[in-house]
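To start, I am sharing the structure in question, which I have written as structure tokens.
Chain lettering (A, B, C, D and E) follows the sequence in which the chains are written, and residue indices restart at 1 in each chain.
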Amino acid sequence: MMILERNTLLIMAVLAALFPLLVGNQYALHIGIMVLFYAVLATSLNLIVGYVGEFSLGHTAFLGLGAYAAALLSLRMGLPIWATIPLAGVISALFGAAIGAITLRLRGPYFVIITLAFAEVLRIIANNWMGLTNGPMGLSGVVQPALLADASPLAAKRFYFYLALAIAVVALYLAYRFVYSNNGRAAVTVRENRYVAQSVGIQPFAYAMRAFVLGAFLAGLAGGFYAHYITFVGANVFGFAFMVSMIIMVLIGGKGTLVGPLVGALLITVLNEYLREFQELRMSLFGLIVIGVVLFLPNGLMGFLNLRRERRRATPAAAAESHAEAPGGSA
Amino acid sequence: MDMLLQFVANGLVSGSFYALSALGLTLIFGLMRVVNFAHGEFYMLGGVLGWFVTTYLGLNFFVGLVVVVVAMAAFGWLVDRFLIERVRDQGEEPSILLTIGLSIFLTNSALLVVGTAPLNIAGAVPNAPVFLGPVVLTQMRLFAVAACAVLILAAYLLIRHTRLGRAMRATFQDPMAARLAGIKTAYVYASTFALGTVLAASSGMLLGSIYSVQVSGGGLISLKAFVVVILGGMGSFAGAIVGGLILGLAEALWGGYVSSGTVDVIGFLIVILTLIFKPYGLFSTQVERA
Amino acid sequence: MSASTPLLQVSGLHVAYGKIAALHGIDMEVAAGEIVALIGANGAGKSTTLRTISGLLKPSRGSITWDGREIAGMDAERIVAAGIAHCPEERHIWPAMTVRENLMLGGYLCTSRAQVEQRMEQAFQRFPRLRERDRQMAGTLSGGEQQMLAIARALMSEPRLLILDEPSLGLSPKMADEVFDVVREINARGVTVLVVEQNVHNALDIASRAYVVETGVISTHADAASLLENPEVLSAYLG
Amino acid sequence: MSEVQNFPTPMLSVRGLCKTFGGLKAVQDIDLDVNSGEVFGLIGPNGAGKTTCFNLITGFYTPTAGRVTFQGHDITGHSPYRIARRGLVRSFQKTNVLKALSVFENVLAGHYLSTRQTLLATFFPHAGVSRAEREARDSAARIVELMGLAARMDTPAFRLSCGELRLLEVAVALAAKPALLMLDEPAAGLNSQEAMRFGSILKSLRRSEVESIVLVEHNMSLVMEVCDRVMVMHFGSKLAEGRPEQVKNDPQVIEAYLGRARA
Amino acid sequence: MRPLALTRIMLAATALLSLSAHAQDSLPIGLIQPLTGSVAYNGTAAAHGAELAVKQRNANGGVLGKPVEMITEDGQCSPADSVNAAEKLIQRDEVVALVGAFCSSATSAVMPVAQKYKIPFLTGVSSEASLTEAGNPYFFRSAETDALLGSAFSKLIVDNLGLEKVAYIGVNDDWGRGSVKAFEQELSGHGVETVMTEYFNHGSSDFYTLLTKLRNSGADGVFVAAETQDGSTLVKQLKQFGIDMDVFGVGSWATSDFIDLTGDAAEGIYAAVPYVSNLPGERNERFVKDYTEAYGQAPGKYGAAGYNALNIMMAAIERAGSSDAEAIVDGLKQTDYEAPNGRYRFTAKGQGYGFQAALVQIQNGKTDVVATTAIAAPDAGN
């Protein structure tokens, strides 16, 4: 699983890195950038939904905090993009620690609602604190990097694509290290069975918290990127629309896997654009597709593929269960 | 002082409206453990259908209400049998995603069919002001408050004192025991969902006749209803009433003395505080089981 | 040993939880008017057998005939209607409903209100303690009272066969005796009883026949009296 | 409170343990000692309070009264993970494993304590981290084999048979390298053959993997086979204590199990 | 196995994206409007107006001898979605010009995209004053700003109604806040005292608390910046509450939808609007007739805004003589368009002026035009 997932991720990264060189169409590049942006977001949410096992509907809080942080740092303090985006992540992570300390005490529907409440409170603050956030007028004209001043639109697109790719690679590296370390195992143990976790010495809260803060950090990075790429930040970054997209990506791709959210981000972003063909029917169809996925792909695309893989492997080689992936299998 | 009295009166009126619009949610949420994100859309559909039968078909308000109730009961039943049924007992996530998908579908399909303009429901009673000392109310609002009380009471009686109501409570307390008593639990689940849908839709029609109906307004209704349900404790009717009144009063006072641009924040702040200090709502009695 | 046409006949019953088989071919029968006990160690498959008979579990193989009719795999509510009432392990009363409501729901399939009232009156006569507490939440009753309520509730459907799963679980010996007295009395009024009981002496005391279940199959089957002497039974419990 | 200074201190010592739920006294005034090197059995009919006792000792319930001392430390009321970190690890009655994960992953997850690391080391691992990781993987594989599950290494837990699940549960607990292993009905659902095999594995664990074992079990033959000392509980109280054969023939115990033969 | 499958999916996706949609023998213009979401009502009206303009133009031979193909995208009034829509229109549909985005926040996010690709971009709605101050050479606005409307009518309102103390209520968004600020500034300049300023959230259903404050504020007139839905609820409740003060404001109030929704409560209120369907003039009568035929109701300010914006853009392209961006920008600068509501021209910064705006009063369920005045160029005033 671990090696397979790592190889899949590496291949995806290589394909993604080649994409701008092969494709000169700027619209396709833009969609590619949005896919990467959503991939980071979905990965960050997946740390909570997939690895802590709690359903957060307030993850836009961290996207929004990151976006506002980057926009303000850039507009008010004149910091360059390579400083604003990491700082956006750090600021989100700090809020993540504070919000996590409160929300992670709760489970199930209560956790769902309290996280949603936090995101809404932040949205309302962003919409009304004129002095800081410029209220509903939002923050426009977030500064682009100086090196893009004279660049062609295509070059600028490529720059943003590779920037997004870099963030995505960082996000997946961190997520990968986390998930396949003792920390990730502890989080999964807590998710799967709190009792077992405690009985082998795991403090459930601590691991939920680590995953939550890491998720907040990554969402903050995505937010920072968003601020610079879109150049406008308004209170809608805290809104439910982003939340819905993220959730659908994670669940459609398959929560609790690293590749799943990436596939989800790719599918949903492209689907959303493709559905433009259907004009007014677009959102209705989107709703139907979501319902269909819940009913027919309950474990997401990755869950479906894993199941098929397992079945295929189980039939011919049930006797010869391979231990190739488990080192130290020999006595 | 007059102002405070008026704020309190406003808060109580809008609080009872909040309570009404949250009833369907608390029923489905509390009894079936389904976090229904399409609640606001059921409310909206009630309003749209209400507009269709009164303003468009020209039926009397109450006749129209009956038509809406029947139609939405059938709709809720079908949604449960064909959608919710398939994800029952799989935890919250599938049902949350399912109802989110349903809400996206319903809003946008309704937008296609009836368009984007706000709709007016031909009202039940005239709307002249009523003065109680320094406090202003209107006949329509008093009527709506009374109607809220009637609906809440009717739903309460249905659940407390009818065969179906008892079967619902039995099913949700212990589905196995319910099956052993001969209760068709699938039927009970569908009935409960239909009842929740009807409560949402009839409050949508009633309140739509006071304000107006807007197809895209469902999300806001859902959010407020969640606040009410969390405040009162899931599944508790008395809790929904108190939760609604608390929210109504808090918003009225916050809007009155702090700022009306940020009224929505107070509900969420109360939710956060409630969940920190009384995680199961203000009125739940969590029984420790030996 | 067995009556001419058994009221309930189970043959070759297999049940699995997912991939894990719990029953591997249970064969047993209960004649009208009998008290039959199922005994055996924890996890042997006694409760699984009962749950399959009452329709809570679907068998993977095998048949269950009730009064000459195949009922294997039928929904629980149809089996109740056919005259089998199951009083499950740990009682499963509705704790947040009153005693009266619990009983009313026991008579859920009654056709009229009057019928419910009449049966409830019978129940209160049999269990006067329940009448005293009829407006009380069932969850506040003592363990013995809860067990009485569970039996009374099962009887509300006027079953021909009453299935009891561990009726003495967690009860003091005195309470357990009381429960078994009631079971005897019910049986005397013509209700056939199938009981799973951990307390072997109590079980064999009231039952005429017993089946010993071991890891999903019937290992022994005999008269109650002879089983009490059987060393196998002792070993099934005490090793 | 300075009595047992001269005796070898028991590994686990419980004094006056009580727990009430509502009005119900689930556990009353239990005293027990588990010595180093011992397999200790806790038996009694259903509902006697054995599992509650387990939960009280391992921190899943807070006692109403009484004291639990483990290796000289008072652990009364500590949270379960802190107790586990002291070397007291338990399994559960209803099979508790990580169902979606493979056998190997389950046991690896049990190695949590030996692979704890800082977040920084997680993201930028140094040699020590990967060594600890490698050791944990080796140890996990060894424990899987020790429990006789080598053929099922990569099988998801939900595909295992009942008996295999029981073994896996013990394997997960062993992975946490306990000094005292507490098993709650580890042989429930096993047939007699399987139970015996399980018993011999248990016996082999003592000394080689753990110092002592406490066992709640219904399967009497297993208890008789593996336990050095047994305590019988009935209605929340201690009914008898002693060597297995003593207890087995105690008329009070027989009555508790089989009920009174009525006159 | 899986990586391969993924590669295939990615390749398929790429193929899908690079499909070019439009035929070469037409002239594509992109329109971004909120067609779903909470402002869909107004966005749809603007799209209707735009559609009508294109239909009429194509019936008369199109632009540069080619039929105009208007491609409409849903921007949902969200900055990110509007940018997606703009990227799609520019790259995939290769539009020669963009119109729209409706909400100022969305427009503000699309502006740098248009500038980057050098695509002329015209908004007929977004009123946030700073948009035209951003120095974007490709951006034009054929709409009044809040300040322009304020300065056009404030004097008239004060004199007509004899107001001394005014309360301000606005929807809590960029437009509502901007309008309140602009009118407050103008009215204060005419010696009117501000006694209350409050904002409410879009979609609010209950205004009684706000009205309680209004009643106690001692105002003799109230300014309201709200759109149809919020405005009608607010005005209805204002009358129910028994408040009898002069109500005036901005928003799409001079429409039949608003009057139908609001009923008797709408009587007597004043609205300052850039367009109303019963403006005098033959040009407007024809527009109203065509629009009503097409959509079953008379146009409101957003219908007219969409209509005007497309006409201005199409005329500019015709004037440019080619679809070259710089030529179109020059064409836009030379705009002198006769709209149903007067003549549109642009300042050097791309701000429209010269067209008529009206102060209307609702009487007997009709909109009475009290006064009209031409919107002056922003620099001309001070």
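Going forward, contacts are C-beta pairs under 8 Å (C-beta built on N, C-alpha and C of every residue); 3 or more make two chains touch, one makes a residue touch a chain.
Every value quoted in this text rests on a predicted model; they were computed, and no experiment measured them.
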Separate pieces, if any, that appear once chain C is removed in thought: one piece
Centroid comparison with chain D (C-alpha atoms), farthest chain: E
Chain whose mean Cα position lies farthest from chain C: E
Separation of chain A from chain D, taking each centre as the mean of its C-alpha atoms, in whole Å: 40
Inter-chain centre distance, chain D versus chain E - centres from mean C-alpha coordinates, in Å: 72
Geometric centre distance via CA averages, chain C-chain B, whole Å: 42
Centroid distance [mean C-alpha coordinates] between chain E and chain B, Å: 35
Touching two or more other chains - residue numbers and ranges from chain B: 107-108, 111, 259, 261, 264
Touching two or more other chains - residue numbers and ranges from chain C: none
Where chain D touches two or more other chains, by residue: 24
Sites on chain A touched by chain D in the complex: 173-174, 177-178, 181-183, 185-186, 188-189, 192-193, 195-204, 210, 321-323, 325-329, 331
Sites on chain B touched by chain C in the complex: 163, 166-167, 169-170, 173-174, 176-184, 287
Residue ranges of chain A in contact with chain B within the complex: 49, 55, 57, 102, 105-106, 108-110, 112-114, 116-118, 120-121, 124-125, 127-128, 240, 244, 247-248, 251, 280-284, 286-291, 293-295, 298
Touch list for chain D against partner chain C, complex: 24, 45-47, 158-159, 161-162, 185, 188-189, 191-192, 218-224, 235, 248, 254, 257-262
Complex contact set, residues of chain C against chain D: 18-20, 41-43, 143, 166, 169-170, 172-173, 176-177, 198-202, 205, 214-215, 228, 234-235, 237-239
